[in-house]
Every structure is written in C-alpha cells, then in structure tokens.
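Next come two complexes, and both contain chain A; in the first it sits with chain B, in the second with chain C.
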Partner chain A sequence: MAPSASAASGEVAVVGVTKRFGETTAVKDLSLTIPHGSYCCLLGPSGCGKTTILRMIAGHEKPTSGDIRIGGQSVLGLPQIERGTAMMFQSYALFPHRSVLDNVAFALKMRGASTADRHAKARELLTKVQLEKFADRLPAQLSGGQQQRVALARALITNPRVLLLDEPLSALDEYLRLRMRGELRRVQKELGITFVHVTHTQLEAIAVADTVVVMAQGHIEQAASARDIFVAPRNAYVARFVGGQNVLSGSVESVMNGVAAVAGKNGVRYAIPVGELRPMRGSPLWGSIRRDRVAIEKVAPGAKPTTGLNAVVGEVHTLENQGSYVKVTLDLADSEEFVAHVADENFFAHPLDIGERVVARWSASDVKLLEDGPIAEERAPAGTAMATAG
Partner chain B sequence: MHGDDTRPWTFYAFAAFFTLFVLFLYGPMIVIYILSFQGPNGGMTFPLNGVSLHWFSALVSQTRVGDIAGSFVRSIGLAAIVAVITVVLSVLAGLAFRRRFRGSAFAFYLAIASLIMPGLFVGLGIALTFRLLGLPTEWFTTGLGAQLTWTLPFGLLIMFAVLGRFNRSYEEAATDLGATNWQKVREVTLPILLPGIIGVALFGFTLSYDEIARTALAAGARNTLPLEIWAMTTNVTSPTLYAVGAVTTIVSFIVIIVALGSIAIVQRRRAAAGMRTE
Partner chain C sequence: MAIVNPAADAFAASDRAEPEAVEYPGERASWLQVAPLVVVLLLFFGLPMLVVLAVSFFDFSRTEIIPAFIFDNYIDLFRSEVTLRLYASSLKFAAIVWAVTLVLGFNIAYFLVFHVRGLLFQIGLFLLCTVPFLTSNIIRMISWIPFLGRNGIFNQALQGAGITSQPLEFLLFSDFAVIVAYVHLFTLFMVVPIFNSMARIDKSLLEAARDAGAGRFRVVAEVVWPLSRTGIALGSIFVVTLVMGDSFVVRTMSGGQSASVVSALQNEVAALQYPPAAASAVIMVIIVTLMVAGILRVVDVRKELAG
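What follows is the complex of A and B.
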C-alpha cells in the first residue's frame, strides 16, 4: 500500500467515480489508486471507459459522482495547470502552425515567460528527446515517431507530477511502436513521475507497465502487476482478453486435498486447485492453463488416446510460426478455443499438419483457479482492488 | 500511358458539356473586353473601328453615363463592411454551434431558411418596413441589412465545413498546457482556422459586390455598382458599358488574388516558421 501522499506526490486516486453521458454509463462506481512514480496501464476494449477515466484525471471531463485526488488532494474543478497533470493526445495535437520549438515552449509562453527563457528550456527538452536539430521544423515535416517525441517534450515542460497518455503508440507503425514503448518506459523511470497510459493492446500494457488495470464496461476486472495479469488472471474475462491462457470450465465432481476434479464437455476431465474453498458438487468451476505449459502429442490414426485428467483431444485448426514458438490452435468438440505455444525446437522436431489429431496435456500444478461463478462471491469484490506495484 | 483509348462514352459527354460551359461563360465576356477597347468613333458591335482607351476615360469624365465612380466606391465600401461583419458573426456562430444548445437546430434552420427566400421580396420587405417606421433607406443601412441576410447564412455554412475538419484536441491540448480561454482562441483556434476564415471573407465580399436581387429595392436613392450597371444597360448605348464590365471584372480578380495570396502568405509564413521561430 502506498504511503500517505505528500503535496508534491503524483499518487492518483480515483474514488468511487461514476461518469454518465446522458443515458449511458461510461464508468461505474470505480475506485483505483495509482502509486506515486509508477507506470499504470488502463487496458480494455474500446468503450470500456478507460479513456473517460484518463480524461477525468486530466480535467477534460467531470465525474458525475465520486472524487479524483492527486497527491491526496481533491482536484475536482481545478484547472489542468493546478492539477499537475499533462496529457499526451492520441493524435498528439501538435499545433500545426507553430514550429517544434514553439510547440514545446507553448506552456511557458502561456505563463508569460520571456522568449529567451522559454526557448532555452524548450531546447533542453528537445535535446532530451534527441530532436534538437528539428527545433525549427513544423510538425508536419516530422515523422510519426518524431512527432510523438515532440508531444512528449511539450507535455513534460510544465514538470507535471502525472503524465496522462491516451493511446500514445496507436498512430505509429509496428517497428516504431515497439521502440517507442521502451522509450516511454525509460523516460518514466528517469523522471520518476506517475504515468497513466491508456491502451487496447495487451502486450503493450504488459511490456511497459508496473500495474495493469484490465477494464470492461466501466468497471475494473483486475488491477495487478503486469506479471500477475499475464500469469495469474483473476477471472475468465481477463484470461481471455489478455491472452496467453486457455480457459477451462466444467462442473465439480469431487474435491480432495484442495483440488477439484471437474467434468467438462464431452467427458473431458480437469483438476483445478481450489485451496481452502469448498465448491459444491455439481457447481460450475473455471480454471486457466498457460498456453506455453501445454504439451502436444500426435495421435496415430485409428488409435484411441489415453486421456484421463488434464488432457484434451482435438484436431489442429491453425498453425502460426511466431519465431521462438509456434502457436497451435486446436479445434475441440466444445466451442472454446484451445491454444498451445510449442517451443520452436520441439515443434520442428515433430512437425504437425493442419487437420491432424493430437492430444494436449498439462500438469495439474500449472492450472489456476479463476474467480467466476459461485466462487467469485467468496472472494473480495473487484471494485476495491488496489493497484500496488514495485 | 496505356488504357487511355478505352475511355467510356461518359468521358466524351462530360468533355463536350464542359467545353460548352467554358465557351458560354468566357466567350461573351471576352467579346465584351475586346469591344471595350473600341475606337472613339466605333459602335457597340464589331468590327473594331480602331483601338483606344476612349471609353474608359469616358467612364470617369462623362456625367451622362451615370455615377459610375460614386457607385463603385459605395460598392467596394459596402462589400468590405459586409465581409467584416460576415467574418466576425460567422466565426462566432460557428464556434458556438459546436456545442448543441437548447434550440440550436431551430436557430440554425431559421438562419439557413434565409437562403431560399426570394431575394427581391426580402429587399422589398426591408424597404417597406423602414418606410413604415419613417426611417430613410440607405445603402449602408437597409442595403447592408439586406445583403447580410444573404452572406451570413453562407458564412455560417462555410464555417461548419471548416470546423468539421478542426480537431478539438488542439484546444484541449492548449488548455492542458495552461492557456486561458482567450489565449486558446488567439494562439491556437483562430490561427489554425485562418485559411477558412479568409475564405469566408472572400465569399462575403464577392457575394456583396455583385448582389442585385436583395439590394435593388433596399439600397435607397444612391445605387451600388451592379444597380448602376443595370440602369445603364437600359439607357447607355455606347461602349462605355463594356468598359464598366472590364473594370469591374478586374476588381473581382484583384479581390480573389488578394484573398488567395493572403492564404498563401499564411501558409508560407507557417513554412517560414520552419526556418525562423518567433
């Protein structure tokens, strides 16, 4: 838990915030604390309310109810400049009629700084983003990646304690996107200020953030470290949205030594660890298994594979070579997609073909319980999740 | 280029139509310009009886052709006033209409409906109302009002088109960087919209400069240039009429060149900001 925030702290607290636009509710009674100096990603599909939260922190939208606090102080009704926030817009919103230097110096000009002072400070920031040579260009004369760095420099000139980034990488091509996300992370570490970054790209969030907040329909599904979001999704929604996991489901047959035996469709049986919980016999239960913890074996034509616990039989539906691994998608009798990431050397030692029958096996100890169905009510509700990060 | 020989018949149909359009528009005008250089003893039709600037000088010296110089000054002045008022009100209204307010749709249609009113009756109505109230009709009062009923809706529609392409995040970015509302408008909104605003001014000016229908009955005793020319076509039987046509066309061209030139200068200054910062 974050220590009590001082005045200069960039701790952002969203407290019971609801935002309605007319009839539609964009954000529903949402609470979230982002510790000072951490990198937080709001991740979710479009329309999940992540940009609305960002715009409310920035002061471009007003919450219908609830409070926004920065450094422990409510900032509702305060102008942007007193919030200590700065925003980087999705399209960068660089002023097309001003040079790069004047774009970066804009905030200082608004405060009445002298031309010499503001240009000196702006040049300093341009040097930091390695664009000092382009100071006299117009934004339209720069590449997308350069424009993004100008937008970053322009936002940082006010020494904000919180930088808000709205889909900052979505306008870039794949190569630049990968480079710039590393760059953003480096700048955040260097400045030690809070970054709140909105994205709909799972791997981008996991790559840059200390804390990832997965959202759906105006509420938080899970707020956790990037690693936990990936390896320990809280529920089936997070597991499916973040990817990297297969979701298993079925009804409880028996519980023994903290492990439930679960019967899925078509006689498939799984073991799902349940810890101290005692799910009722016959109640539905969900679990997840990482795609890279699944082993694939070919089934000889006509042979009847031994399945037992923790194995499914299916046909190879698609194969995608990802370089260091091959993504094998199986067509199972039940509709849920089942994917195995097979390390390249293993795959190419025994290559598979589309349409081949295979059996996928995994170890019971790699299965994680998901909080869906009756189990969810026995755990803490998601709305109060606190994001803590290292 | 290959494939050019397989143009569809519609290409030739449109090309033929366009040729007719060009001939129809520019042919008669060119004839008028040529005839305006008619010799002193020449008539209103070909052949040219010598070449001279006689009819141009007659324009200012002869009193019997009417008050060309006076009406010209009035028209330029009126067009300038109309352009300024149209720009100020259209820009403000355009910015205001970005936010839906109670009755905004009604206000918009009320303004736009003015474009489909028969112009002659708008002018007549204004003149009658002033006469009823015992107020004099003048080109700079009733005439100005009648023309604004025409230019303001146009200006508003142009501003809608201009603002439709304006990204509001420019304004949010300015606010984010500490600009006050006034700084935001002055430093960001207006400069980015400037080329469109010059377009509104150009429209306001030219629509006013050759307006007849609304002005005819509302201009009062002293004519604007189009009204003066209209009167001349019925009682002047010399190439002076053509000289008037040539001069007014030149003025129109100058206005367009000034407007396009200033847009180009705005653009160039932005590019020059690339070399030298303010």
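What follows is the complex of A and C.
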C-alpha cells in the first residue's frame, strides 16, 4: 500500500551510482543526498545523465553499481509500487484510451481499490487542480496545460513521499510554463514531500528549487542552494551554464593582500580575490564577475580609454532589451563572449548602438574565484578552500 | 492546491463548435485522386456482384440457364441441411484459426515491438516473418503433407524418439491438418496490423503504468491490449474473411473429408449450376459482411486510425 507522506521519510540518497549503457557511461560514481521535503532540481544539458538518475530513483533503470536509498532504505530491485515514488513524465504519458478520471484513478485501480473509492479520490484531486468538469473527457480533448495538471493529479493520488518530474514544463508555452513552475513549487510546499525535478532550463531550476544540482557528463559540477548556484558558481562550467556570470581567465602576475593580479590573453588585467591562497606567478587562474555588476561606458572615437585592472574594451556586438535591464554583449577581439546587464534606466539614459566602442568596468570585490584546475601555490597549502565548496 | 487556467473555458467552448459544411478548394482534386480506384472497383467488383445477384434469381435446367425472377435457389439453399453443416464447419474453422492466430500474432508483435532493441534488428526479424511468403501459398501448404503424413518426418521423429509406437493418424487429412495449414498461412496477416498498432504506442505509457503499480500482465491488459485494438480488428478481418472464403486448403489438407461453403459452391459451378452457386455466393457475401461489420462495431477502426 502507499506509504503515507508523514510516516515515511522522503530523503533520497544516491550513493556512488554508476550507470553504463553498453559502451557509454551515463552516470559516473555519483553521490547525492536530497533531504526530505525539499525541492531539488537536476540541471544540465541533454545527455548529462540527469534523466537517468531520475529514472533510477523511479526504478525504471537499474544502476550498474552503487545504491539508491529512499528514507534510509535501499530500494534497489524494489518494484515501483513499494518505493513510494511517483513519476510525472515529460510527455505526461496519459493513457489516451481512458477518461481523465480513470487516468487519475489508475494507480488506485492497480492497488485494488473499488471503483467508487478510487473515483471519489480521483474527483477530489481533479477538484484540487480545477479540472473536475473535464473528468469524463479523453486526454486528447484537453489543452497541454490541462493535460499537465491531470498528470500531476495522477502522480499525487498514491500520496507518494517522492515526486519525480521529468522536464515537466518543457511541453508548455512560455506563459503556462511560468505559471506552472510557481504552482509546482506551491504544491511541493503544501504537501511537504520531496520533489526531484529534471530540467535543462537554468532559470526554471533557480526559480523553483531549494537545491540545484548542476551536472555535466554524468557527474555533479556543483550542488548548492539556488542562490549560491547563481551568485557563487564553483567553477567556469557552472558559471557559463547557469549564466549570469562572465568568466575571467589568465595567468597570475602578482599576489597582494589576498588579491591576485591576473593577465588575460588579450592584455587585460584582472584582480581576483584568492583569500588565503598564494598562487604561483605564471599559474592559470579563473574568476567570475556577475553580468549585472559590470558598468559600461562609451569611448569617444579616437580616444584611448584608460584600462587598468578590471576593465575591458570592446565593441557592442548585440543588444537585447529584457524589460528591466538591457543585455549588452561585447566583442572582445579574442576572448569569449562578455556580457553586461545594464539596468534599463541607466541604459536608456545613455543608449548604445551596435558597433560602438565601450569600456566595461567592475569592482574587484565583486569578482569570485573559480576552482578550475589545481591552483599551484608558492608555499605549503594554506587552507583547504578547494575541497569545501558545494 | 488550486491551479487555474483561464484558457480552459475558452478551450472548452471552441471544442464544442460544430464544423460547418464547407466546400474545400481541394475537394475536386480529392475526387480525381480516388477516381481510378472507383472505376476499377465498379468495373471489376461492383458489376460482377450485380451479375451474380441477378443470376441468383435465374431458373436453370440440366442444360441451360433461364433468365427469370424466382426465389427457388434461395429457398433450396435454406431448406438444405448441407448448407447449415457447411456453414457450421466453416465458422468453426474461422473461430479456431482466429483464436490461434490472435494469440500468436499478439505475442509475436509484442515481442518485436517491446523486447527487440534496435530498429534495424526489429525490421530484420519482421522481414524474417515474411520469408515464407516468398514461395506460393500452394507450395507452402503442400509441404505440410510429407511432414505430417503417416510415414512423414514428424511421425518418424516421434517413433524414433520412442514417444509413440504407432504413427499418429490424426496429423494429416484431418481438421487438425486444416487448422495447422490455416494458421501457417494466415498468422502473418494478424502480426502485421497488430505490430503496426503496437509500434505507435508511446513507450512512456508502459512506464507510467508500471509507475502506478501495474505488474507485467496488468500493463498488457490495461495499456497494450486496448491500444492495439485497431490492429487486432484489422487482423481479425483478414483472418476471418480468408478462412471463410477458402476452399483449397480445406479440401487438400482434409483429404476431401471436410468441405467449406466455398468448396461446395465450386462443385456447383463445376456442374454448371450457376444460379444456385450465385445464390450461395450472395448469402456468403452477406454473412461475411455481417461478421466484418460486427468486428468494426466492437472497434471503431476509422476513429482509431484517425487518432
């Protein structure tokens, strides 16, 4: 029978799991603990293994090695019905030959509930998602957003302790997607059960999740709170993938008062705070600067801009008005894309044109050190800052 | 929780609007496209059927066919006990063969669709199923005779293995042999449409059913079977009409001991008794049409093909 959400813990632990499909390794020795009652997003590009993890938790795939525990108990080899999980599929997977009511009641039918009981419970859930008047329709007669709510009601009917959502919003249009992600978060808070939500959309993950797990090629790059993922990415991959950051790289020239002066490829010099670390001269170092902490100034034609630390000169490549800010992309001769988010009132006070030469400046205190590659130190290691992030 | 969708009501309203009869610009082109088939069907099916219908009311003697409008042919047909026996025999074969080919066809299609991984392998195995069709029906059927015969391979193998001491007599020239040949000839007609229906089932539906707690057999009963209904119906139509319309298999494999409606009809044609043969054919067409209509009543093939 369905475990009740209050009695059984919905803590999900993935312990050293590896999953291989033939020659390819989808998940490599991955460990992750999702606390009971939290909303966790697995975020990554397609093929990074996030859906495989979800399917292993649901029991639709078996790990090649490692363990999956729910509420402290290993669920390897258990049928879906004994795991206390329910899955919402990407395409909703509603049974096309059954009415909305029978779709929602299906899991209770499998558990041997009487028709009257299961229809009563299904109607109750349909009322909660405001679809009670569509109970007798077939799924094909509903819109995408309605089908999604039917899928949600169907998944919740067994009172699961863990709800697994595979790209639940990807089939919806933008308007419904924004509405539904708020609703999902609210439903999760209301039920107090664990949600594991797979997505490849950064803003969706940040908008709904307590914990965001950024994945690449079968391993975790960073698992942290949504806020930390956004403001304090651990490495260049997370900074680039989550967006909202510019990645700075170069080799160390000097270190003073916990700040390294770094020379980039294009002759630009950055200051990157390194804390207790003492990186060796000439060693590579990476840092990130938030796009909205970058100020843009026009450079008069012919004038030679003053570039000290923390400034780059480039041409405006693209301009995108995002409403509350304008996204300004700069062309920096050789390095990767550099983006500034300029608040709308600042931008429209001094509008820019594509092709104009500008200088972008930022404050050294807004730069965060990224952990890419080993940091070669001059003396014995001064701390263990490397190992603790995330 | 309350998840409101303001578009819901608008959607519901638009859903109920009845489409009005509109002349589409492509309508004439559509008629032109179906015209060749219509002509062929009218000339080579419609017209002969009308001739048969007309002849079924004719009178006849030993030497000639006399144009008339009499019901004697039908009255004789319905009075004859032989008619009833022949139909009972044909319907019995149709029912048994339908059941056997359905079980085989469903399982083969299920295996191909859900157990064989890789499209290439799937297509390869599917083509393997069609290999027997590379030779003629008659050769495939006749080849059962040396296999099932009194001194055939199967009996020799059984005796050689010490399982039986005497050859099994019922293997050949019996109802059993007729059914074996029918099943061999017609299983593929069941496999193909069911395979076609099953291949269109979204695999995530099976996972959703398993996720909801369905075991292996519940998944088949609750999801795969109902969603294969179109294929099952089409396959059933093929098999039932083929068995009902057969004379050759039943005559050859039963060694002349069993007859079918059509083989009796052929005897009448051979004796140049065209009017009673025509009456028999008309009744046969009506009965088979009713059977097909019955199948289509259970499964709305057109609706399911459109969806």
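The rule is short, and it goes like this: the second predicted complex is superposed on the first by the 368 of 390 C-alpha atoms of A that agree within 3 Å, B and C clash if a C-alpha of one lies under 4 Å from a C-alpha of the other, contacts with A are read in each partner's own complex, and residues count from 1 in each chain.
Heads up, the rule we're going with is that a residue touches a chain if its C-beta (ideal position, glycine included) is under 8 Å from a C-beta of that chain, and two chains touch if they have at least 3 such contacts.
Bear in mind that the values here come from a model prediction, so they are computed numbers and not experimental data.
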Task: Room on chain A for both chain B and chain C (clash or fit) - done: clash
TODO: Answer with first, second, both or neither: which of chain B and chain C does A:231 touch in the superposed model?
DONE: neither
- [ ] Classify the contacts of A:143 with the two partner chains as first (chain B alone), second (chain C alone), both, or neither.
- [x] second
Open item on the list: Just to be sure I read the superposition right, which of the two partners does A:261 touch: chain B = first, chain C = second, or both, or neither?
Closed with: neither
Open item on the list: Per the contact definition in the header, classify A:176: touching chain B only (first), chain C only (second), both, or neither.
Closed with: second
Open item on the list: Output check: A:128 vs chain B and chain C. Expected answer is one of first, second, both, neither. What do you get?
Closed with: second
- [ ] Considering only the touch criterion stated at the top, classify A:154 as touching first (chain B), second (chain C), both, or neither.
- [x] both
- [ ] Give one of first, second, both or neither to describe whether A:81 is in contact with chain B, with chain C, with both, or with none.
- [x] both
- [ ] Please indicate which partner A:190 is in contact with in the superposed arrangement: first for chain B, second for chain C, both, or neither.
- [x] second
TODO: In the overlay, work out which of chain B or chain C sits against more residues of chain A.
DONE: C
Open item on the list: According to the stated criteria, A:101 is in contact with first (chain B), second (chain C), both, or neither; which is it?
Closed with: first
TODO: Under the contact definition given at the top, report the residues of chain A touching chain B in one complex and chain C in the other.
DONE: 58, 60, 79-81, 85-87, 89-91, 93, 95-97, 106-107, 109-111, 141, 154, 158
Open item on the list: For a test of understanding, state which residues of chain A touch chain C in their complex under the given definition.
Closed with: 58, 60, 79-81, 85-87, 89-91, 93-97, 106-107, 109-111, 128-131, 133-134, 140-143, 145-146, 149, 152, 154, 158, 176, 179-180, 183, 186-187, 190
TODO: In the complex, go through chain A and note every residue touching chain B.
DONE: 58, 60, 79-81, 85-87, 89-91, 93, 95-99, 101-102, 106-107, 109-111, 115, 119, 135-138, 141, 154-155, 158
Task: Complex contacts: residues of chain C adjacent to chain A - done: 1-5, 7-8, 11-12, 15, 202, 204-205, 207-215, 218, 222-223, 226-227, 307
Open item on the list: Taking the touch rule as given, give the residues of chain B at its contact with chain A in the complex, in rising order.
Closed with: 167, 169-170, 172-180, 183, 187-188, 191-192, 194, 270-271, 273-278
